[in-house]
Amino acid sequence: MDKKQRCKTGIEELDKELNGGIPSGSTVVVAGSSGVGKTTLCMQFLVNGVKMGEKGVFFSATENVNMLKKFQGTYDFFDEKLIQSNQVSLIDLWSISDRLGLNPENYSYDEANILFEVIRDITKELGAKRLVIDSITSLCFRLKTREMIRDFIFKLGSSLTVLNCTTILTSEVPPMVFQFSQNDIEEFIADGIIFLGDIARKGDLLRTFQVVKMRGTAHSRTKFVLNMSSERGIELVPMLKKTL
Amino acid sequence: MDKKQRCKTGIEELDKELNGGIPSGSTVVVAGSSGVGKTTLCMQFLVNGVKMGEKGVFFSATENVNMLKKFQGTYDFFDEKLIQSNQVSLIDLWSISDRLGLNPENYSYDEANILFEVIRDITKELGAKRLVIDSITSLCFRLKTREMIRDFIFKLGSSLTVLNCTTILTSEVPPMVFQFSQNDIEEFIADGIIFLGDIARKGDLLRTFQVVKMRGTAHSRTKFVLNMSSERGIELVPMLKKTL
Amino acid sequence: MDKKQRCKTGIEELDKELNGGIPSGSTVVVAGSSGVGKTTLCMQFLVNGVKMGEKGVFFSATENVNMLKKFQGTYDFFDEKLIQSNQVSLIDLWSISDRLGLNPENYSYDEANILFEVIRDITKELGAKRLVIDSITSLCFRLKTREMIRDFIFKLGSSLTVLNCTTILTSEVPPMVFQFSQNDIEEFIADGIIFLGDIARKGDLLRTFQVVKMRGTAHSRTKFVLNMSSERGIELVPMLKKTL
Amino acid sequence: MDKKQRCKTGIEELDKELNGGIPSGSTVVVAGSSGVGKTTLCMQFLVNGVKMGEKGVFFSATENVNMLKKFQGTYDFFDEKLIQSNQVSLIDLWSISDRLGLNPENYSYDEANILFEVIRDITKELGAKRLVIDSITSLCFRLKTREMIRDFIFKLGSSLTVLNCTTILTSEVPPMVFQFSQNDIEEFIADGIIFLGDIARKGDLLRTFQVVKMRGTAHSRTKFVLNMSSERGIELVPMLKKTL
Amino acid sequence: MDKKQRCKTGIEELDKELNGGIPSGSTVVVAGSSGVGKTTLCMQFLVNGVKMGEKGVFFSATENVNMLKKFQGTYDFFDEKLIQSNQVSLIDLWSISDRLGLNPENYSYDEANILFEVIRDITKELGAKRLVIDSITSLCFRLKTREMIRDFIFKLGSSLTVLNCTTILTSEVPPMVFQFSQNDIEEFIADGIIFLGDIARKGDLLRTFQVVKMRGTAHSRTKFVLNMSSERGIELVPMLKKTL
Amino acid sequence: MDKKQRCKTGIEELDKELNGGIPSGSTVVVAGSSGVGKTTLCMQFLVNGVKMGEKGVFFSATENVNMLKKFQGTYDFFDEKLIQSNQVSLIDLWSISDRLGLNPENYSYDEANILFEVIRDITKELGAKRLVIDSITSLCFRLKTREMIRDFIFKLGSSLTVLNCTTILTSEVPPMVFQFSQNDIEEFIADGIIFLGDIARKGDLLRTFQVVKMRGTAHSRTKFVLNMSSERGIELVPMLKKTL
């Protein structure tokens, strides 16, 4: 697989670890509890894409789009012009769902298919090569069976692959557990898994980063410390042995 | 984000930790088990707001409003005149629900929307810039599905943001677990999470305080000891290394 | 809050810890597994009340009232004349429920309200200032939803507060866990929580006592050893450091 | 409570621990996993009763009555003449249930009452002062709600108390847990709890014995090793400190 | 109980431990996770029976009968002639169930009774004195309630006792837990429990063997290492102290 | 069992451990969490089969067949010509299911039988001697009861045995647990179990490999480290003692 087939995340240590980036067209689950940096990681992934000429689309299902813009605006990497110029599109997933007239409480099998098709079509129309759903957990609450969850993610992944669009699905898990989703489903369909964790250290709570799975590329599964700052966004630093 | 955009809690160590306060318009979950100080933290947040010229409203769903006044009256920071002058409004959530004729056992999707709108309208009418729901857990018991919980908090947060009202939702969790809500939902919608915990120490049970997540601001995630006294209400003190 | 507003338990170490006693009109959950002394603590609380001129009422939902009298009669503090003279009334909760014609398997919302009103009216008529329900867990088995449990305890507490009657609800939890109720509900409504636990020590099983929460008063959360003897009933002794 | 009011078990260390025996008319739960000696303890309790002039009745719900006789016959304390002379009656609980025409899968509220009355009437007619149900867990499988279980045991206990009949209910729990019943119900209704446990020691699995609760009598909660042998049946020996 | 009343297993250490063998007519649960040797232990038990002149019958519910023959054929103790001469009968339990026209998804109460009667009648007709159901867990999946499971095993055991047929029921449990069945039911009905476990040792996974319960005989509860080899089948060796 | 009856996996250490390979016609569960190498192990098993003249078929239920080809193409052992020449057939299980008109949400008992027959017929027609279903977990989501899961795998295994086709079923389990399937069913039907695990080591996450069960062959249960590289695919290396 040559570099053309890699989707560079722009997060240096991660790209290095993945031999250039995520295999293009993959679906990657980014799992972690509240406050570990899932949303910021996704936004940085999209913004970095623009620098490489790739449009992005962010479907928000947990955060108001205006608040999202405001909060992400506190990071230097974020530039609201990218939104205005449609380089990165922020879309409220539930507004779409409402406009489609879907049942706000839970989806029938057919409604799930309609939503999947609309996401695919929007992506196609925008010409986006990077897509984020934040969070897939939130969306899955409206899918009533394990089979529907599996089916939805499977179809979504398959169709985005055809568009050569690389996808990140954030997955919400309880704090302090090593788990990739609430129903142990999403991660088995996904091509990759990145786990963001917490480690309690001397009264502090460090964030960690680990690639658990990535189909189509050799990769280590080393644990990094994830730092977040306004100036540099997310950065990965090798974990000091003594911290382990 | 400049200071105007911060909602100063008046709890010194917390404001320092958050670079001035909670980003205005945020929804923050304060999670903890019984007896860790959730209600008192909220009341102090509202009272301190009045000192800065911001009105507050407290929706109680677990404690009789008269008892609440009486018990909070044992803290020096609390001044019943604030209630009488409507600087801080104490409202019994279930009385509202009853007056609206909502089903006392569980809400339909429409009833949930009615309640949300009434909370929003009251807040607007009062001109409150700080709102507390104590507890959101209690309210969620009447919302029958995970999706309804998510939807309710999402809409509430979005509309209060528009009013630039900063919101605290208390979340009840079992003792001695590091968990942010009973259904692992609220925290993912919220913009911030503050966790109040317990540590058993030499036959005593210390209260702890930790900011786990706060969108829109850099912050440490250091653990503090939370002290409560009639004279000074809630105070945060850095944790001694040996206590960890 | 002056002494008039305190309900002295007559258990010396506890009153000291609470600066005079439980704030009058409070609802306190006494949680613990089988055999830790919940029933005896409650009876001693009522008997001590009589000495201070306060009548008491004990609603039993787990133990036959005659057996209760017989077993409590083995403690020196217990005096059957208190029962005969109606200073302490022992009432079988299920007999009342049966006489009211309530469904013996589970209560409708309306039936729960009827029971609550009868408990309140009996208390009023007796002029009781101390009330015990042993156990609230048992009663809650007939309330089918978490919301009904919450609602029942909330209303009960509110109305007893109006009567200035201090209430103890015993809560049954499994052995060897630090938990306050079977559904994690009662403790969040209650104004106070006292936890009775077990500690295995050298082949023995010590009973422990700890105030976890008490609204309206400063209090430590120190752990005591709880001793029970025929001669002195329940006594609290500070825990030796080495036992921790 | 004088000695007349004690039901001597004839197991020396236990009677000593209980100041003479179980308070007469009590209902005692004997909890433990498979193979810890619950059935043998019960049989020995009944046989010892005969020596003191008290008749006994054993309702078996887990073991065929013939097998029960055969297996207990391997203990020297057991004498089949006691059965033949009706000093100890062995009764198959399910045969009774079948003869009464009760639903073999689960009981309605009324059917549960019929069974309870029959057990009471048999006991009365036999003039039994000691009763065993082995196991109550098994019986509870036919009672569909927690409330029905509570109600059944409550009524059973109350009516046997009136007959001054001391009752043992065996309770089946999973191995290696400190738990008193499968639903955490029976033990709160019972007047006493005896826990039979296991301790893994150097590749062996010791049986242990501990009185956790006994209403109406002071008692220690010390742990004993329980030995079983054909010659002496069940014996309790103080636990060596080093084994703890 | 003299030797005639013992069913010698032919596994030397086990017979020694049980003073000659399993009490005849008993029902013994052999519990363990996948791969611990349950099936092989059962087959060896049947084959050893033939050597002592006792016919056996093996009802398979998890393994195709032809595969069973083929796989067991890799052990030297197994001789296909025993099958051909009907000394040991291998029977596919589901084929019987299908031929009886029973519902393949779950049994009604009546269907469960039909199956039980057929098993009993086959055993009687064959004159088998040793019976294996591998696994009872598998069969229990078709019994929808805990009560039906209990009832089925109780009746089966009772009727096989009458035929003086000794029965082994294998029970499937998850790996690395000390548990005797998936529903905590079978072991309380059974007369005996043998637990086959795993111990991780230096990167290997040893199999262990322990008699937990055996009604009608004194026995130790010592843990053995279970070795399996083509040449000698299952062998028990005392556990080295250091391995514990 | 001679070598003709062995299905050589081509993974050197594994074949050595199994005395030549998996007994032909067996059904083997390969269990592990996301990212441990289940899919790659299966593909390598099929490709190695071709070298020994055995055709293979891979039913994918979690990964798009095109992505599967692309991702497996990054391993040197994989040769797309094997696909083109039908030596290894990659089949999308859900496409088949859709074409058969089966209910996409859950299967009736009859639909499950139809699917099983189609899998068997395809295998027969292709003349495949090695079959993979990746994953059986995914397929089981459409089987609504434990009994249906058991029945499906039992029939599938039996019929493939008749075709002398060796089968691998991958089983998805949560990370960091020693468990063989989500419902504790598949492993008891299967003839063999291979467990792929994770061990956290100095900030890295090693993959491990262990044969837990294999009917019809002696085998050790030693734990190996599983290494994956583009050049050599999966390799097993003995675990260093210190890593244990």
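For clarity, chains are labelled A, B, C, D, E and F in written order, and residue numbers in each chain start from 1.
Please note the rule applied: a residue touches a chain if its C-beta (ideal position, glycine included) is under 8 Å from a C-beta of that chain, and two chains touch if they have at least 3 such contacts.
In this text, all values refer to a predicted model and were calculated from it rather than measured experimentally.
Chemist: What are the mutual neighbours of chain C and chain F in this structure?
Modeler: The shared contacts of chain C and chain F amount to nothing, since no chain touches both.
Chemist: Hopping along touching chains only, can you work out the least number of steps from chain B to chain E?
Modeler: The fewest steps needed to get from chain B to chain E is 3.
Chemist: I'd like the angle of the rotation relating chain E and chain F after CA superposition, in degrees, nearest 5.
Modeler: Answer in degrees: 60, to the nearest 5.
Chemist: When chain A touches chain F, do the two copies use mostly the same residue numbers, with over half shared, or different ones?
Modeler: Under half shared, hence different.
Chemist: In whole angstrom, how far does the Cα centroid of chain D sit from the Cα centroid of chain E?
Modeler: So the centroids are 29 Å from each other.
Chemist: Return the distance between the CA-based centres of chain C and chain E, expressed in whole Å.
Modeler: 51
Chemist: What is the order of the chains around the ring when you begin with chain A and head toward chain B?
Modeler: Loop order (chain A start, chain B next): A, B, C, D, E, F.
Chemist: Inside the complex, what are the residues of chain F that reach chain E?
Modeler: Counting only chain F, the residues touching chain E are 1, 23, 25-26, 109, 145-148, 150-151, 154, 157-158, 161, 178-180, 184, 187-191, 193, 210, 212-218, 220-223, 238-239, 241, 244.
Chemist: Which residues of chain B touch chain C in their complex?
Modeler: 34-35, 39, 62-64, 66-67, 70-71, 73-74, 94, 104-106, 135, 137-138, 141-142, 172-176, 182, 202-205, 228-230
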